[in-house]
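Listed below are the structures to be examined.
Consider the two complexes below, in which subunit A is the common component and subunit B and subunit C are the respective partners.
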Partner chain A sequence: MGKILAVGAKEMRQILRDRRTLLILLFIPAFFLLLYGYALSFDIRNVRLAVQDRDRSTHSRELVSAFVNSGYFALVGYEDSDAALARLVDQGKVRAILSIPANFERDLRLKRPVTVQVVIDGDNANTASTVTGYARTLIAEFGAVQMAVRTPGLESRIPDPGPRIPTITIEPRIWYNPQLRSALFLVPGLIAYISMITAVVSTALSVVREKERGTMEQVRMAPVGPVAYILGKTLPYLAISFTSAVLIVFAAMALFDMPMRGSWPLLLFSIGLFLVGAQAQGLLISTIADTQQVAFQIALLSSMLPTMILSGFIFPISSMPTVVQGITYLVPARYFLVALRAIVLKGADITAFWQDLVALAIFATVAMGLASLRLRREWA
Partner chain B sequence: MTGDTHDRPHSRGSGSSDPPAPALAIAVRGLTRKFGDFVAVNDLSFSVKLGEVFGFLGANGAGKSTTIRMLCGLLRPTAGTALVGGIDVGRDPEGVKRRIGYMSQRFSLYETLTVDQNIQFFGGVYGLSSERFAARRKFVLEMAGLEGREKTLTRDLPGGWRQRLALGCAILHEPSIVFLDEPTGGVDPLSRRRFWDLIGDLSSKGVTVLVTTHYLDEAEHCHRLAIIHAGKLAALGTANELKQVFASRPIVEIQATQPVLAMAALDRLDTVEKTSLFGTAVHAVMRDTRTTAAMLAASLAASGVEVRGIAPVSPSLEDVFLDVVERVAAA
Partner chain C sequence: MGVELGATGAKAAIRRVLHLMRKEVLELKQDPRLFGVVIIAPIMQLAVLGYAATTDVKDVPIAIVDADRSTASRDLIHRFETSANFKIVGMPGSTDEIDRYLDRGEAWMAISIPANFGQAVAANRSATLQVVADGTDSNSTGVAMGYAQTLIAGYTQDLAAAAMPGQPVGALVRPEIRVWFNPRLESRDFMIPGIIALLLLVVTTNLSAMAIVREKEVGTLEQLSVTPLARWELITGKLLPYAAIGIIDVVLVLVVAIYWFEIPMRGSIALLFGMCVIYLMSTLGLGLFVSTISRTQQQAMMTSIFFFLMPMIYLSGFIFPIENMPAWIQPFTYLIPLRYFLVIVRGIFLKGVGLEILWPQALALFAWGATVLALATFRSSKRLG
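Now for the complex of A and B:
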């Protein structure tokens, strides 16, 4: 319809006139991705390690180098005295201690149970549990290799503990993200988080601005229905936030090695659906708020916090209390994240997450409906 | 004026979109609007003839803007009817919107757009065809004296030009009825003068103009005036008719060295109905025609007030306005 076009062309011209805002809308999101992407990481590397080696044997040195070569630990030095080690931890010079008992090599040879102690600074519980996990894995691997390799008669062959040492071992296999890099888990969340904020805020401001300046009243006097007005106003912002979201996806692929295993059309469609919902939320806010300041605050709060906390971006939804889990059903990013991770990390097709796309569509429809209902009441 | 021919799906059928030419541009009967308990417009009735420039006077909050918003189809009346261009605003606000032009006190243009882009926007919103738009654009630029400034940002235009552009955008679609809500606020006297000339031009072409203002000198340009007070119609007529309230109560203007003392002395006289301050002069309204300026001068001299000049004056609209408002407030 010509009127939508008239409103849209006007809006686009206003946006283009305001170069600074346009650049902010387009590039700040990608910049945020950088910032958050590097700061928000659950991976732990180069944990400072001190070693108390009471055995001083080939085997003990091998264990230490297994730790260091893993990349998770960085050797600070050897120290024998317990007191000195405790001081190192207290001063924060060392976050982990590997203590190898005397007779380590001998006991290994005799296949006696050997206890290796790993001390971890627990002032950050998250880090501590992650480091514990690394250490456990390293020691277990080392043990398995020793058992197999040092068994007489199997010296030079591939470890085959089979009939001789009957043990049950778990063989974990992690799909899609074998190194368990938290970036791969976080980056899709960041894409959702940043796109959501940009789309909600820009849309909320654009309508309230017209209210504040009085141009809205002039438009209301013209024979333009609220629907034509809304479409004309939101389409340019949809185009911009869409471009911006795609830029973030590219940035994530380039900077964080995010894979793109699924179909591009499906990804773009999901992004579009998500953004329409976000814009509808922005519109709803702008029908409630009367000043740009209020609109900005509501928009920021209503997009930032739920997307950060309740979408499964950082905290898994399944471990939330039931009531809070219920609330997450109202957060569109929750559904978008499922779709995004499925497409990008797993290369899944639409059968895997169509329910989430439907949920996004419902959110967009309901929010858009509420917004136009409110706007219609204000309109005439 | 050219009829608006494009169809809109949500207008109420073709029957109401092209009514026979009404005899009156605006016919208001018992129009009332309440906001909760507050009655903003109270049982208003008046009519405006085709091609008339109709002035709406009233203090801030008297109900002028609320009335205009109802007449434009922006606000639903609580009670009463209003026919604008023959269309009932309560029934078909969209139909009304297509026939009227509206310009508000706030010059509602997009400041970050150029002159041309603003005109284009309103052309698009009113759905003008490209030929008609080209002609109307030329007309507006000419009328507003903005030829050669098409690429200027609206926010860089001086107030008077902006106001003329706003008027141009409001009449781009050639409405037969134009509502102007305090159109001349904050504009220099020369631009105001020019603006009223434009209103005169519109009226001479048969366009009906309903204008609110609180500049009483401007109100003299209107063919007829309505004075609104507290949501009620307090007076209605031509400027001369309104001034007739002073036919039997002459007004004497007194220049005194100490106007406040003069007022106090005048208020004590039985022959004086009331006094009010006009700049440095005092206007005294006589109770009847028998009291002359000379008699008043004598009385003032007797009470020791130094008078520099005293003469009968013809009532201004300001005298009328104050008188009307005071009487309504007293009633």
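Now for the complex of A and C:
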């Protein structure tokens, strides 16, 4: 134990000497949450819309204002020529086109079905499918209102609505996040992501730096075993990462109304377990690499994109192909995110996610064990 | 830079740059794993992430409580079963058990069919289905609710058609929606060009971020500063070996994207390649700049990750569209080269547009690269001088 503390104290002195690194590790994560928490959103508003109005009637203007007043679309302007419209989309100045045919008003008065065309820039498939949904809903609502309008003198020509038909309505209830705010989904993901990167990069250079500078030989001669050395290297960084993770959680609650429906001790325990695992991953990388450059490369490639894309932070794991779903079991953030969301959003107790905590513990133990083994072999 | 050089001077300069490049390559070979990491890892990552990065929602796990057990309820359940959008993970006996499914995240949605459902449908009366959804993943839940609504609307329409044969069913105003560039709404076609841009950024920036600071840390920068090496020669000699690695990466990831993922390539490959080279100029230049402002490799790593890579990833429009961001954040995105490059790659891949449309982005990207390289050269001079 004394040896672990000695290594820890030495590492701490080294950290304190490099103020920039310390400040980055402690405070930048919370600052990032602030910035990205606002920037990251799936809620789509103000889609830039161009209108091709071939009817220029009261009704066509009503449809356009229905689009604009919904808040989902922002009118860029009217344009008649197809070529000019295509160019606007190519340049990205417009993301959607609403095209209203001639005789729109006349057909509506006669209650004849009319078709309006909506063109959507599909380059971002996710946005495009949401915008498609908005457009459908707006047009359906507009149609329903027009159907209800009675045109004087024309009643006789309107078909009879017919007998009663069964209707099935849905009574939706949404739990945990009733307003479907994407921030409540993304902020826990950001917490996991930022903590993961901070933890991995903090330890990834710690061992290899000694190798590169040649001080490793001195450590080897000292009466410190590989396990004590590894633990001592982790402790100071664990303290820093833990502080910064707790700061992020507080920031999330203060700024983004992230609720806290579960137990605090459980949350802190899960955070600790996750950080130990992430730092163990960093240490393992550090023992494998021979130069800091390689360590840096492996650390980033193994944490930055996988944590973002394979953890369920942004992309739902259940929609991925089976093989890729298998790979996600290697990403510790996957387990942490289940626990984090269950605790803060769902207020669930440990029975709902104990398997994920066990998986995190296994990950941390295996990574620590492998790192110690690597060192032992190198020192032998 | 703008120094007039005689023919012999130029030759000597080129010789000095070549020597420095040789030294740099020798140093890179110190850990041979580097080549494996920077060449193989990006391809593997693209292959896995390309499949994972999909915002398409399918196989939504649902639980159904059937309190009715009639022909009508079984018919409805059958529709959920056969739909590619849903996957039934359980049929709990009572609504109380729904909690367990949602708390554990086993199901995203639970549908409960009331006891009088079959009777109501048979008598042409209205029936109400209760749908409870886990709103945690707001985006996917919204999509899944849409699927459920569409499925149930289809069911209602079939009931109506059965009740009144021959009557047309439909709305007064019909939307005809056309999606350009990506008619199948494949999110992969949108994501993979983005992943390419990101991988190139991560690999090349990190490589060059260590280039100069390593010499500082080891103490060999002093030695370099007493050689007749000019500062631009230093930057060029450091840059070119990494540029070679970057170009190999560009070729490999493009091959994987086009031939493995079959992302439609509607524009010119030559133009895309040229743009990638300009982009490399800014990513490598950024790395070198970070290298000149850091004292230790750890500092360089922290600076490049936290001040450059992370903001670039999240603020570039890679996943989250810039127009959704609050107005005060949007101006910052103009400072990000990845923003311009994303418009360029997606434009060339999906829209097939060329420089006539993309020239402002290309110009901005080039200006960014030139500026950051100039800054790196300037900074290194102060350190060397």
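Here is the rule we use: the second predicted complex is superposed on the first by the 260 of 380 C-alpha atoms of A that agree within 3 Å, B and C clash if a C-alpha of one lies under 4 Å from a C-alpha of the other, contacts with A are read in each partner's own complex, and residues count from 1 in each chain.
Here, a residue touches a chain if its C-beta (ideal position, glycine included) is under 8 Å from a C-beta of that chain, and two chains touch if they have at least 3 such contacts.
These numbers were taken from a predicted model, which means no experiment stands behind them.
J.: Is A:S241 touching the first partner subunit B, the second partner subunit C, both, or neither of them?
T.: In the superposition, A:S241 contacts neither subunit B nor subunit C.
J.: For A:D18, decide between first (touching subunit B), second (touching subunit C), both and neither.
T.: both
J.: Determine, under the contact definition given at the top, whether A:V224 touches first (subunit B), second (subunit C), both, or neither.
T.: It touches subunit B, and subunit C stays clear.
J.: With the two complexes superposed on chain A, say which partner A:S270 touches: subunit B (first), subunit C (second), both, or neither.
T.: Neither partner.
J.: Once the shared chain is lined up, is A:F296 touching subunit B (first), subunit C (second), both, or neither of them?
T.: After superposition on chain A, A:F296 lies in contact with subunit C alone.
J.: Taking the superposition as given, does A:V338 touch the first partner, subunit B, the second, subunit C, both, or neither?
T.: In the superposed model, A:V338 contacts subunit C only, not subunit B.
J.: Decide which partner touches more residues of subunit A, taking subunit B and subunit C as the two options.
T.: Partner with more touched residues of subunit A: C.
J.: Share the list of subunit A residues that count as touching for subunit B in one structure and for subunit C in the other.
T.: Of subunit A, residues 18, 213 contact subunit B in one complex and subunit C in the other.
J.: Which of the residues in subunit A end up touching subunit C in this complex?
T.: Its residues touching subunit C are 18, 20-21, 24-25, 28, 32, 35-36, 38-48, 89-92, 95, 108, 111, 113-130, 132-133, 135-136, 139-140, 142-144, 146-147, 162-182, 184-185, 197, 201, 204-205, 209, 212-213, 288-294, 296-301, 304-306, 308-310, 314-316, 318-321, 323-324, 327-328, 338, 341-342, 345-346, 348, 352-353.
J.: Help me check something: in the complex, which residues belonging to subunit A touch subunit B?
T.: Residues of subunit A touching subunit B: 2-3, 5-7, 9-10, 13-14, 17-18, 213-215, 217-225, 380.
J.: List the residues on subunit B that touch subunit A in their complex, please.
T.: 8, 10, 72-74, 76, 93-94, 97-98, 100, 102-104, 106, 108-113, 117, 120-127, 169
J.: Name, in rising order, each residue of subunit C that touches subunit A in their complex.
T.: Those in contact with subunit A are residues 28, 30-31, 33-34, 37-38, 41-42, 45, 48-49, 51-61, 102-105, 120-121, 124-143, 145-146, 148-149, 152, 155-156, 159-160, 163-164, 167, 170-183, 185-187, 189-190, 195, 198-199, 202-203, 206-207, 209-210, 214, 217-218, 295-299, 301-303, 305-306, 309-311, 313-315, 319-321, 323-326, 329, 343, 346-347, 350-351, 353, 357.
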